[in-house]
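First chain A sits with chain B, and in the next complex the same chain sits with chain C.
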Partner chain A sequence: MGSSIPGSNRVIPMKHTESDTGSEREFSFGAAQSEVEVTTADRLREFYREFIYKPGLVAWEDRRTRIGAIIMGVYVFIGTIGAWLYREPSTNQSPRSLRPFETLEAPLGTTGSGQDVLAMVIHATPEMLIMILSGGIFATGLAVLIGTVAGYKGGTTDRVLTTFSDVMMSIPGLPLIMVLAVVVSPERAAVIGILITINYWAGLARSIRSQVLAIREHSYVEASRTMNVSTPRILLKDIIPNMMPYVLVNFANAARYVVFASVGLYYLGILPTSVANWGIQLDNAYSQAGALSGGGTMYQLVVPMIAIMFLALGLILLAQGMDRVFNPRVRTRLAGESGSETDDEDTAAPTEVMT
Partner chain B sequence: MADNNRNYHSHIDRRAFLGVAGASGAVAFAGCMGGNATDGTHISYTNQVPTKIQYNPNNPTSYSQYSHYLLFDRFANYNFAKGEFVPYLIQNWELVDETFEMTVRDGVTWEDGDDVTAEDVATQLRIAMLSGGPIDEFTDSIETTDDRTVVLNLSGDVNPQIVEFETLGQRFMTLKESEFGEYVDQFEDDPEQAQSDIQGYAYQDVIANGPFTIAERSNQQILLEKRGDHPDADNINFDRIAFRYLDGNTAVHQSINANELDSVMVFAPPNVVSDFPDHIQMETIPGNVGYGLVPQHDHEHAGDRAVRRAIAHVLDRETIVKNVGETLKKAPPLPVGIPADDQERWLGDAYDSFEDYGVNERQTDEAEQLLGDTGYSKDGDTWVDSSGAVVELPIVVPSGWSDWVTATETVVDQLNDFGFESEVDSRNFSALNGTVWPNGDFVLSAGGWLPGGGRASFPYFSLHHQLVEHYRGFTYNYTPANENRGGTNGDVTVPSRTGSGSMTINPSDRLQELSDTSDEEITREISIEQAWVTNVDLPVIPVMEKQEQAFLATDEWSVPEQGADVSQVRWPHLWLIRQGELQYTG
Partner chain C sequence: MNNYYIKRTGRAVLTLWVTVTLTFGLIRAIPGGPLEMLRARLVRQGVDPSRIDAIIQSRQQESQPIYVEYYEYMSSLLSGNLGESFYFREPVSDIIIDALPWTVFVMVMATIILFAIAVVWGALIAYKEGSTFDTASSGLSILLSSVPFYVLGILFVVVFSYKFGVFPARYRTSPGVSPELSFLFIQDALYHAALPIASVVITQVGLQTLAMRGNSIQVLGEDFVRVARLRGLSDRRIATRYVGRNAILPMYTGFLTLIGFNLGGSVILEEIFTYTGIGYYMFEALINRDYPLMMGIFLVITTALVLSVYIADLTYGLIDPRVKSGDSNEAY
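Up next is the complex of A and B:
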């Protein structure tokens, strides 16, 4: 049961793993049946094993995940300890227009107003991480909520929620964000993240709904239903866990979208510049320092660009690595529970994700 | 950089190809795309799509940026170095007994053969007056007494300089009587319809009277050809000038580097300028606009004169200018309601009695003294007022204006360093202009301290801008200001400039006097007095002044030496051509 994980809009038949799913059955129904046999700790352990450890192991086995995770780790380090250790950018903290690698004081050079370029990049990181986290959680959270409820409940609920998603999807995203940014003038990074993904979730909700339509027909869901398990519980216990990898992949993609969109909006001067951001650096490099006009200020453009590129790369690699979690054969074999002899590591077809 | 140039070449080539394939007049086109003035074509620049440019000054949409300076003769040209108008189409003017008499230059003709007459000049001025231009405020009627003489009958006493600036400044002889006279009649019948008709009219098929006329327009450039029968045609030793369309400053910088432009107005930061080829000469002209801080005079701290003065002391204007780019900006020697280049001329002997607040230093001692005397004290590193509240001075600034944002960042750092609590609060311009400024919802705001244009060089305009009515809708609640800026046209009490004691005066009354007087002594006296008010009370805190930059290629062109008086006009490259000061030598 639980290991029959749908790819995009399809269910992979799970011959190899039929025999290994006993524990999951207990997990899924245990709480409903008996309070004695399964303690909370057991359940947590089981949850950890099924939804974190096993997918994690599978994902980690992939080189892309490892590199992606390391990159993200570096950003988190820079955004927390790095920002705490390294000095804050301020005007005239160093001589003006130093080039990179001229002094140790400002290793990546300074701007025309004597701001340390490295400090600017580092101190823009925490806000960016908060932004992608809030944007990602908002987009995927809302999409999962609306998608699963719509798909599972069907009927009027489905029609209403689907129409709502369709309407949101049909609103052009960027212009909407621009207007909202001007009206709301958000200053907190978390709010900006949500604002940017204000209608990003809609497409994702749509595809999650279609997956739920398939999952709800499975016998174990039907069993839960006949046992009068409540709808929220079925959604939480039976349906959403089966889509977690797909959701995680889309989380990473939503995060990448937040990076690009926020940088773009900052570059265009639409978001308030009170929050440090790489987009502002790009704009300054282009329009204030004339980075593309000669005069050797290209580094002011390149440094924040590298920061953006690597963050996006990290997120892409993570998403692709997690993609493999979709392939249940690889998953169980690596988790040490299957005697499967298949060796088709690269057959994990790229999963359709929201971009 | 080399890469950029290469890319840019291919860009141009592709454009050129498209142009040749698509446009008529391919031969002329190919001739001038060939590079730097091979056949004596002067190549300049415009950032407007050439086919859309129109020449009706009453219609702001796509109104010409540069080419009309050569197509039409201007009435007179204000020279920033001399501080006066240089006669051109209007050769003489005089204000006697409430009439302003102008004499039109002899021998100027329209392209269609007609002479440029007093009636044409009158038509131009009548339309300006009827459509609510500033000359309407002091003019009763406009008459012509003969073919060469136009007379403005004034409605009362007006300062002659105001009449000069409003009548002659930035005015081009564009609206030929035979073509546009009907609008004057229409204004008498149905003013509203006439207003909307003339504002909506795109004047593209022009009848020129300047030394050049339009030969050809394409999407890439507008090409002008010399008119032999203009009185100044002999000053010009080349036949064509092309205004090439380039989109954005970066494209222009790259084009200068690739040696493709002979003259251009563009903003270029210092590092970009130093990278230009050696034969490119830069001229800077006062912009008469600039970045300042508009305080909210209702605010408990920004409304306190001591705090405003402390801010002015704490700011190192020279450092701010250098951070933004010293080729782009200039630090005013005195924070006062008169542009940097005109301060000495207008203040004269009084100049030394003005407070400069430290143009290139941070006068923290003076600032501490001022704050200490008015009940502020330091709590640790932070200034607090008598009730213990921290002095918070956030600064709002339009987020897309990168030079202003850079300046604001520096200002904020300098204020924080002194112990105020300041931060950059950048917002979208339309949000600021639409709600924040009119609602007075700010403590300090970035805002212009000068009204712009040649007329800002006459203190009446710049002082009026600071003391009475800012050109943007700042509700800054300064008592002497107009009601629409939150004021009551009230009095202000400032320390006396000479000697001890204080004086109470009414700026709006005094400026009204200034606008009505034709006495030079009184003009100067009121200018100095009101300048003193702006200097001491700081209704707006001046920080830096914009400089317009012109770049002239000297490889195949002879131009006056850098900084010559004749170049101190809007705009040098186009004025020099008429004056015979920019000639082809290749």
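Up next is the complex of A and C:
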């Protein structure tokens, strides 16, 4: 990480002035200092360049991110427009036990009770996307909040928050979720997403904390502090933007965890079956549809399996590809700002891999 | 340094206490509560309704303030009494003692095998970084980790057990094989555990391999490796002593954490293979709303995870002397 200083130096001064002018109200000398007016539009453009355009460009250069983004795009399309266009699954909507690719009416076949397999897969997608989103936002949001506050404040705050996340981290995730699911029996997809990541954030909070410990020693953070900028403002403006790529990578990892855990829970039949899910399809196919007696009904198992695998694959590829955004040298070179020829070896190790 | 061990022990105890308190709270938060469960059980036993009411009444009068109940719960747990299973009509501790070794066997075996593969494979990829072998292996690793272990498990049962009949689809040993130290028993146990172990190994090895690859590449770029090369040391020595050791170090904690994590995953895995370990009993407890058994197994799995992370933390200083306890200073 030490070799990345030249790259990050270029970024720091801009952010410094940003937080400088932003806090004019608090400093009497602020107005005299900023001779060049920084408008909101400028700041937005700056934000776009720094946090969307450049990381996006670097991420897009990587084949893995490109494939991952395309896969995710397909799922979002299926989950929104696809679910809106395609008919909903219901019993006896087509002849029973059709094999795949026999009729256009049910292209992937039907179950023993005449439900269209393709319709079942498509209509489980929106709920899954909501689960992923709510779980990912909850896990990364809480982790960022607790990790940055603990790392930046230090002392007693740090000790309390770190002990809290340590304890949460040590409780095994899946059994905890299962016990809670039985007690709470949540129905809404958003609640299920949060339930699944109920202690997933803890490990992430720990690693964010240790990164903040390093970032808070940087001179620009010290400068903000000397100028009496409030702590939430320093966290928001100086510290968190530096960790956005890392947070995004972990968002994708958390999302994959939500996919695996939710399908597993639905498969076991622990969650209420009011919501369509690939796990319920797996369970039905495995136990009722006679998938075991012969190869005749294998397609009922394989179709939801493919849906799960591709979603997970897309999320892994996104996470792996985004790792590259870590390296500021790669970022500036690809954005066409620096001519320095540095190695762009992909040395970023997959961090904190679980599941 | 001593301070660190005391703190670490305190944290482990704190975690266990929080979990026990959580289970205590959850049992009381359940709609219906234990008394309703008792009523349902008595109805199932065919007890006279008026007698049931009387029993429930007497129990209700007995109900004590919450801190007394809490104290009794804690003290009975500490003496190893986890209550009695509603569903199996057996003490929870007996069920766990019978089932736990099997789950530990499967999960520890699986984790050891997958780490052995990941270390060797990841190191090989790192040495050939950028080659076709690297691209193919990394792609394969990513592809493998996109499969949840239970999906592969289902496929294995359908294909190998039901279609071809090569592997058993259920139970931990064949009927009639008694657990004793004989060749037949060990062979039979391995035969039944092969598919569960394989489905865990195959689906989890990918990410660990990528982690090992990343670590190795990082170590290969270090100055001390260059110096070792300049000193003219053999490639074999550099690979094992200089690179391998340092690349494996960060994976040590992950190894023990993964065992604990997999113990949690055993609930799904053992349901698929009808492998009667603690995961299977946990599943039965969840489906039948058997709260004493559910909470008992939850406590056991938590204890296992806390202990394995605790051991990892305590012994990490032994294998990596550079580790320093990160005390955060009160600064801002």
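Operating definition for what follows: the second predicted complex is superposed on the first by the 306 of 355 C-alpha atoms of A that agree within 3 Å, B and C clash if a C-alpha of one lies under 4 Å from a C-alpha of the other, contacts with A are read in each partner's own complex, and residues count from 1 in each chain.
As a working rule, a residue touches a chain if its C-beta (ideal position, glycine included) is under 8 Å from a C-beta of that chain, and two chains touch if they have at least 3 such contacts.
Computed from a prediction, not measured in an experiment: that's the story for all the values here.
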Counting only touches as set out at the top, which of chain B and chain C does A:Ser113 meet: first, second, both, neither? first
After lining up the shared chain so the two structures overlap, which partner does A:Met309 touch, if you call chain B first and chain C second: first, second, both or neither? second
Touching A:Thr103, do we find chain B (first), chain C (second), both, or neither? neither
For A:Thr91, select first, second, both or neither according to whether it touches chain B, chain C, the two together, or no partner. first
Does the superposition put A:Pro272 against chain B (first), chain C (second), both, or neither? first
A:Val182 contacts which: chain B (first), chain C (second), both, neither? both
I want to verify the contact counts: of chain B and chain C, which reaches more residues of chain A? C
Of the partners chain B and chain C, which touch A:Ser287 in the superposed model: first, second, both, neither? first
Could you pull out which residues of chain A sit against chain B in one structure and against chain C in the other? 182, 268-270, 286, 292-295
Chain A residues touching chain B in their complex are 90-92, 96-97, 112-115, 181-182, 185, 268-274, 283-284, 286-290, 292-297
Given the complex, residues on chain B that touch chain A span 1, 4, 249-250, 253-254, 257, 268-276, 319, 322-325, 398-403, 405-406, 409-410, 413, 423-428, 430-431
In the complex, the residues of chain C that touch chain A are 11-12, 14-15, 18-19, 22-23, 26, 29-30, 129, 142-143, 145-148, 150-151, 154-155, 157-158, 162-163, 204, 207-208, 210-211, 213-215, 217-218, 221, 254, 257-258, 260-261, 263-265, 267-268, 271, 282-283, 286-287, 289, 294-295, 297-298, 301-302, 305-306, 309, 326, 328-332
In their complex, what parts of chain A are in touch with chain C? 64, 151-156, 158-159, 162-163, 166-167, 170-176, 178-180, 182-183, 210, 213, 216, 225, 231, 259-260, 263-264, 267-270, 282, 286, 291-295, 298, 301, 305, 308-310, 312-313, 316-317, 320, 345, 347-350, 353-355
